[in-house]
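Once you scroll down, you'll see the structures, which are given as C-alpha cells.
You will see chain A twice below: alongside chain B first, and alongside chain C after that.
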Partner chain A sequence: MKFKTLLLVALAIATGSVAGAKTIELLNVSYDPTRELYTDYNAAFAKYWKAKTGDDIVVKQSHGGSGKQARSLIDGLQGDVATLALAADIDALYDNAKLLPADWQKRLPNNSTPYTSTIVFLVRKGNPKAIKDWNDLVKPGVSVVTPNPKTSGGARWNYLAAWAYAKHRDGSDDAAKKFVAALFKNVPVLDSGARGSTTTFVQRAIGDVAISWENEAFLALKEFGADKFEIVVPSLSILAEPPVAIVDKVVKKKGTTEVAKGYLEYLYSDEGQDIAGRNFYRPRNPSAATKYANVFPQLQLVTIDAEFGGWTSAQKTHFADGGVFDQIYAK
Partner chain B sequence: MSAVTTAPFPVRRAPVRAVGPRVVRNPWWVRVIFMTIALSFVGFFLLLPLVAVFVEALRKGFGAYFHAFADPDARSAIRLTLTAAAIAVPANLVFGIAASWCIAKFNFAGKSILTTLIDLPFAVSPVISGLIYVLVFGAQGWLGPYLGAGDHPWLGEWINQHDITIIFAVPGIVLATIFVTFPFVARELIPLMQTQGNDEEYAALTLGANGWQTFWHVTLPNIKWGLFYGVILCNARAMGEFGAVSVVSGHIRGETNTMPLHIEILYNEYNFVAAFAISSLLAMLGIVTLILKSFIEWRHMQAKTS
Partner chain C sequence: MRNFTIIRRTALVAALALTSTAFAEPADAADLLALREQVRALEQQLKIISRQLEIKEEAATAAAATTPKITVNDKGFTLASPDGANSIKLRGLVQLDSRLFFSDGGGVANNAFILRRARLISEGQLAKNYSFQLVTDFGGSSVIIQDANFTVAIDKSLQFKFGKFKSPVGLELLQSDSWTFFNERSIVTNLVPNRDLGVQASGDLFGGRVNYAAGVFNGLGDGASTTNADFDNEKDVVGRVIATPFKNDAGSPVQGLSFGVSASSGREKTASGRTAGYKTDGQQTFFTYAATTIADGRNWRVSPQLDYRLGAFGAIGEYVVSGINVRPSPTGLKTELQNKAWQLAAGYVLTGEDSSYNGVSPRTNFDWSAGTWGAFEIVARYAAVKVDDAAFPLYAAAASNADRAKAFGLGFNWYLSKAVAFKIDGYQTRFGFSPLAPAVPTTQILRQKEQAFLSRFQLSF
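Coming up: the complex of A and B.
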C-alpha cells in the first residue's frame, strides 16, 4: 500500500514537471574562440525566450576548430545552429550533406554575420622584437604562432590578411605568395584551432608573435593581464565575418525551427549586440558600435569579397587540396 | 603483467640466488650511477608531473578545488566516464573470459587469427579507432543513411520511426571505449590459462562435473587474480581514454564530454584550477589502480607460495 502511494506520488511529480513549461534543448556548434561569448549570450537568450514564450531553453555548446566542427556536422552532429568562423565552412554543410539551402547567407541581415572581427598581432610585453606590421613577421629569427588553415577558420583569415597586405604593398599575386611562404617559414607549430594556438603562445611561451583574432587577443589580455602581453594593430587587415546559420535538416527533425530562428535573430538585438561588444566582437548595430568605438582600433580593412572574390573562390584557390597553401607549406 | 604471467616456482629459487653476489661485486660507482639514472628518471618523468597536477589543482585553495566538481558540466563528464566504463568493462570481461577460454583450452581453425585480432586495438592509433566508427555510423558513413528516421522498406518499422544516434552521442563513446579496452582482459588471461593447462578440468570432468561446474569451480578460481588484474587495467584505460573518444564525441558540453575531454576544454578556457582538479581525480584513479595492482600481485604470490 505504502509503496503504491509512493509510486503514485512519484508519477504525479514526473508528469507534473512535464505538463508545465516546456524545456527545449538547442545545440550550438561553434568555432573555438566563441566560448565566452556564447556562455554570456545563452544565459541572456534563455531569459528573453522564457519571458516571451514561457518555455525554458537550454543551449548546449560544442566548440572546436571551425573546419573540424563543419566536418562533425556533416558526419551527423545534431547541431541546431552553426556559428562558424567563416562562410566557406557553412557552405560545406550544403556542398557535402545538403544540411541547409545554398542561399543560407541571405536569410539573415549583413551576410548572416551579426558581429565581425579582424586579425591582429599578440606580442609579449614591451614588444621585444619590435613588431609593428606584417613585414616584421617575415624577418629571420621572428617566430610566428598561427593555427593550421586546413582545420582552423581563424588561421584562414590570418593567411588571407597577410596575403592582402603583401598584394597591396607589392601589387601582384606572385609577390603575395612569396611573402606568405616566407611568413609560414617562421611558424614553428600549427595548432588545429585558434584557442590551441593562443594557449601555445600564452601558456607554453612559444613564439614572438601570435597572429590572432582580435577578440581572442583581447581575451588573452583580460585573462592574463595587460602587464604580460600587448596587442599590435597592423596597417592593413581583413574584415573577418563569422556567419551564423540554422541547420535546416536538424531543426526540422527536432522541431526546433522557431527557437533556432529566434536564437540567431536575437544576436542582432540591442542586448545581443551589447554582449558581442563586451566579448570583444565588433557589433554591427550602429548604436552598439558607437558604444564600443573606443575599444576597437581603426585600421584599413579589406573584405573577402572585394579582395578574393568571396569564400568559395578563396577556399578553392588557397586551401583546397593542392591549393596555394599546400604548395607553399610543402616547400 | 609480468608478475602474473611468470608465475615463479619455489623450486627454482636456488639458482636465482646465485646471481646475487655477482651484482654485489660490481664496483660501487656503477651502482650509484644506475641508481641515480633510474631515480632521477622516475622523479622527472613520473613523480614531478603527478605532484604538479595536485599543486596546480590546489593553487587557489580547497574551496576552488571542490567548486570545480560542483559545476554541472564537470559532473556530467564524470557521470559519462563512469557510465562508459560501467558498460565497457563488463563487456570486455565477458569477452575476455570467453576468448581466452577458447584460445587456451581448445584447438580450432583460425585460432591464431583470433589471437592476432585481439591485439588490434593495441596496434592501431586511438584516432583510427574513433574514425572507423565515424566512417561506419556517421551520417555520411556506410550505415548512416539507415540509422536516421526514414523510409527503408527492408528495415523494421521501429528503425524507420526512430533516430538512432551512435556517433556524437553516448553509444559512440561506449563503442569507442570498448574497442580500445578490448585486449586487456583477454591478454591477461590467455598466457595464464595456457600455463595452467587442461589437467584440472579433465580431472573435474572425469569426476562427473558438467561444463558449467568445471568452469565455475575449477577454471574461474584458478584465474581469478589474473582476471581481477585485467579488469583493473581495463577500467583505468576506459576512464582515461582520450583520442578515440574525442573523435566520436562531438564535444557537447554537459552531454558528450568525458572527463579527459572536459579537462582539455577547461584548460583551453584558461580555467586551470578546474582543469587540474578534474585531472587530479583521474590521477587518483591511477594511484588507486596501482595500489590494487600491488595488492593483487602480493595476494597472487601468497597463493602461489602457500
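Coming up: the complex of A and C.
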C-alpha cells in the first residue's frame, strides 16, 4: 500500500471515529407535572439510543403551564419536541407559527397521545370537608384549588370535567355554566400551572380540595406522604389525552429530526409505557395497562370529542378571549 | 345556728360556683371553637394573600423576562431586549463655543459664537456580539457622518471593527470629544490622523492590563478626516499598544498609570494627502503646505504616550513624529519631512471626584435650591509643534507659515452634572519661523502671539 493510500485510510478512520462519537442535544418543551416522568424517560431513552446508534443524547427539559409553553415555542423557544397537556396547545403551534403540519396528530399512534390521565380530587387526610363528588366543590365554605385555564392545560381539563359532570347531572349547558361559575367562586388562588397549584395546596396549605391531574395527585401522596393527603375519585371525570409532537421547523434547522422522532416513538415502547405507568400516567399499551390496572381507579370517563366536539371547539367556546371562562370569572 | 348559717352560706356559694361553672364551661368551649375557627379562617386568608402575592411576583418575574427594557438617564436613552442581547441607544452631544482673541492686530474676523459640535449618536447591539455606531454631526456648515461602523466581538481579546472611525494613533484624539481636559485638543493632534475608513482588530489581553488595536485604513494626512473617498490605491497599517500593568493593584499609586506606543506606516500618492493645515489652540491655521505640494511615497508616524490618574489628579502626555515624502510638483524633488510635536496636560478635580479618561462624574449635580454645585476642575497644558526645516521654502512658504508653535493653556471646568458642563480656557501660543522667513510674516495672525479665550457650554448624554 502506498503512503498516499495509507494516509487516506488513516484519515477515513480518524474522521469516522470522530463522526461516530456525536453528542446530540434535544429540548423537550413540556407542561408542568411531567418533570418526574421525563427525568426517568430521558435516562432510559439515552441508554436505548446510545445502544442503537452510538450517539450520546442529552435531553433538556422545559416545564410550565401548557398554554405558556406553547406561547414560548411560538415566540421562538427552540424545542425539538412538544409534550403538552392538550392538543389545542400543539394546534396553536401550527395556527400561529406553522412550526409543524396541521395533521401532526396523525403521525403517531393513538392520536399522538402515548399515555392518558384523568382529573381527580386531592384532599387533606381524613377529608375534613367530606368531599365525595363535584357537587361538594360548590358548597359554601369549601375552598377549591385549581390553576388558571387561560395558562394551564390541566386547568382546562379540570374545568371541562366539572362542566361535563354538571351537564350530565342537570342536562343543560346553562346549568353547567352556573355550576362552573359557582365552583370558581370557591377558588381563592389561580396558579399559572398545575405544579404551582399543587404547591399552593400541598406546601402552602391553602384550600380544602385541589382539582388535580391524577398523576400529580399520586405524586403528591408519594412525595409528601399518604398520611397527609388522600385522593377522592369523583363519579365522572374526563379522559385527558396529553399529546406529543415533533416541532418540525426546529428539528430541521438543528438537524435533529431522526432523534426527535425516535424520542417520541420510544414512548410507545414497552419500556416507555412502563415508565409512564410508574409515574402514574395511564399507559396505552395493553400489557403495561394491565400491569398498573390496580393503581388506577375505574370511573366513568367522558371524552373531549364526544362531550365538547374536540379541542378546537372547546377552546373557542370556553377559553378564547371573551369565552365562557372569561364571562364567569369576570363576574 | 351560726354554724347552720355558715353551712348555708357555704352551700349557697358552692351552688353558685357550681352553677356558674356548669353554665360557663359550655359557653367558653363554644367561644373557643369559634375563636379557633376564626383563627383558622384568618390563617387561610393570610396564606391566600401571601400566595397571591407570590404568584404576582412570579408573573412579574416571568413578564420581566419577555418585556423590553427602557432606560432613560444622563447617559442617553436605551431600548433593550429582555436578555440584553439586542439594544439601541440614542445619545447626543452639543457644544456651543465662544471664541475671543486678544491683541491680534485687528483685521481678522475671528471672534465668534460657533456651534462646534451638534451630534446625534445612535449606538446599538444585535445578537449580543454585534454592535454598531452611527454619529451624525449637524454642527458645521454641512451635515457630516462622523462615525459609521460596526463591530463583531469574538471575545474580549478580539473584536473586529469595520467602517468609519478614529484611526488608533493619537492619545488625546482617541478620547471622547466630551471629556478632554480643554475645549480644544492640543496642537499635537495636528500630526495624527483623525477618522478614517478601514478595518481594525482590537481587544484586551492579560486581564485587561494590555489593550491593543491594529488595522488597515485608506490613509490620511496629518489631522485629516476621510471624506469617504480614497485618492490612491495605497493603504496605511496602523497599530497601538497600551499597557496598564498595575490596573489590578488596588491602592497602588501607579494603579492608574497607562503607557504605550502607536505607529502607522503606509504610502501615499495624492494631491490632497498631506496638505492639511496645522491649527493653534484657537483653531487658527499657522502652517500649511503649498497648494502644489503632493504626497508621494512612504509616510509613517510614531507616538509614545502615557495617561496617569490618581484620585482627583490626572495627566496625559504624548509625543508624535510624523514622516512624509512630498514633492513640490508631480515631477519635483522628493524629500522626506519629519514634523514633531509633544504635549503634557494635567488636571485636578477640586471637588474631589476622580479624574478619568472617560470624564468627571460629579458626586452631586448643580442645584441652586439644594445648595449643591457639581464638580470643578482646573487644567493646564503645554504643547509644541516643530515643522521640518526642509519644508521651507520648496514645500511650504516661509513668509506665510510658522515653522514652530509653543502653546500654553489654563482652564477651568464646571461639571454641572455628568451631562452638562461649562468650560473656560485661556491659551497663549508663540510662533517661530524659518530662517528664510521675512521679518514680518505675511499672515496677519502670525505677527504676534495668539492669545485666545474659549468658553463652551456642553450638553453630552
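Methods note: the second predicted complex is superposed on the first by the 311 of 331 C-alpha atoms of A that agree within 3 Å, B and C clash if a C-alpha of one lies under 4 Å from a C-alpha of the other, contacts with A are read in each partner's own complex, and residues count from 1 in each chain.
One rule holds for everything that comes next: a contact is a pair of C-beta atoms (placed from the backbone, for glycine too) under 8 Å apart; a residue touches a chain by one contact, two chains touch by 3 or more.
Small disclaimer: the values here were computed from a predicted structure and weren't measured.
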Chain B and chain C placed together on chain A: clash or fit? clash
- Message: Let me test your reading of the model: by the given contact rule, A:R204 touches which partner, first (chain B), second (chain C), both or neither?
- Response: second
Partner touching more residues of chain A, chain B vs chain C, is chain B
Which superposed partner A:L26 touches (first chain B, second chain C, both, neither): neither
In the overlay, answer first, second, both or neither for which of chain B and chain C A:L160 touches.
-> neither
* Touch check for A:P188: first (chain B), second (chain C), both, or neither? -> second
Check your understanding: Between chain B (first) and chain C (second), which does A:S143 come into contact with in this model arrangement: first, second, both, or neither?
Key -> second
Exercise. After superposition on the shared chain, which partner residues are touched by A:G196: those of chain B (first), chain C (second), both, or neither?
Worked result: both
Have a look at where A:A82 lands relative to chain B and chain C in the superposition and call it first, second, both or neither. neither
Overlap of chain B and chain C contacts on chain A, residues 75, 196
Within their complex, chain C touches chain A through residues 44, 47-48, 50-52, 55, 58-59, 62, 66
Residue set of chain A touching chain B in the complex reads 27, 32, 35-36, 60-64, 72, 74-78, 96-97, 195-196, 199, 223-224, 253
In the complex, the residues of chain B that touch chain A are 134, 137-141, 144, 148-149, 163, 165, 167-168, 250-255, 265, 267-270
The chain A residues in contact with chain C across the complex are 68, 75, 143, 188-192, 196, 200, 204-206
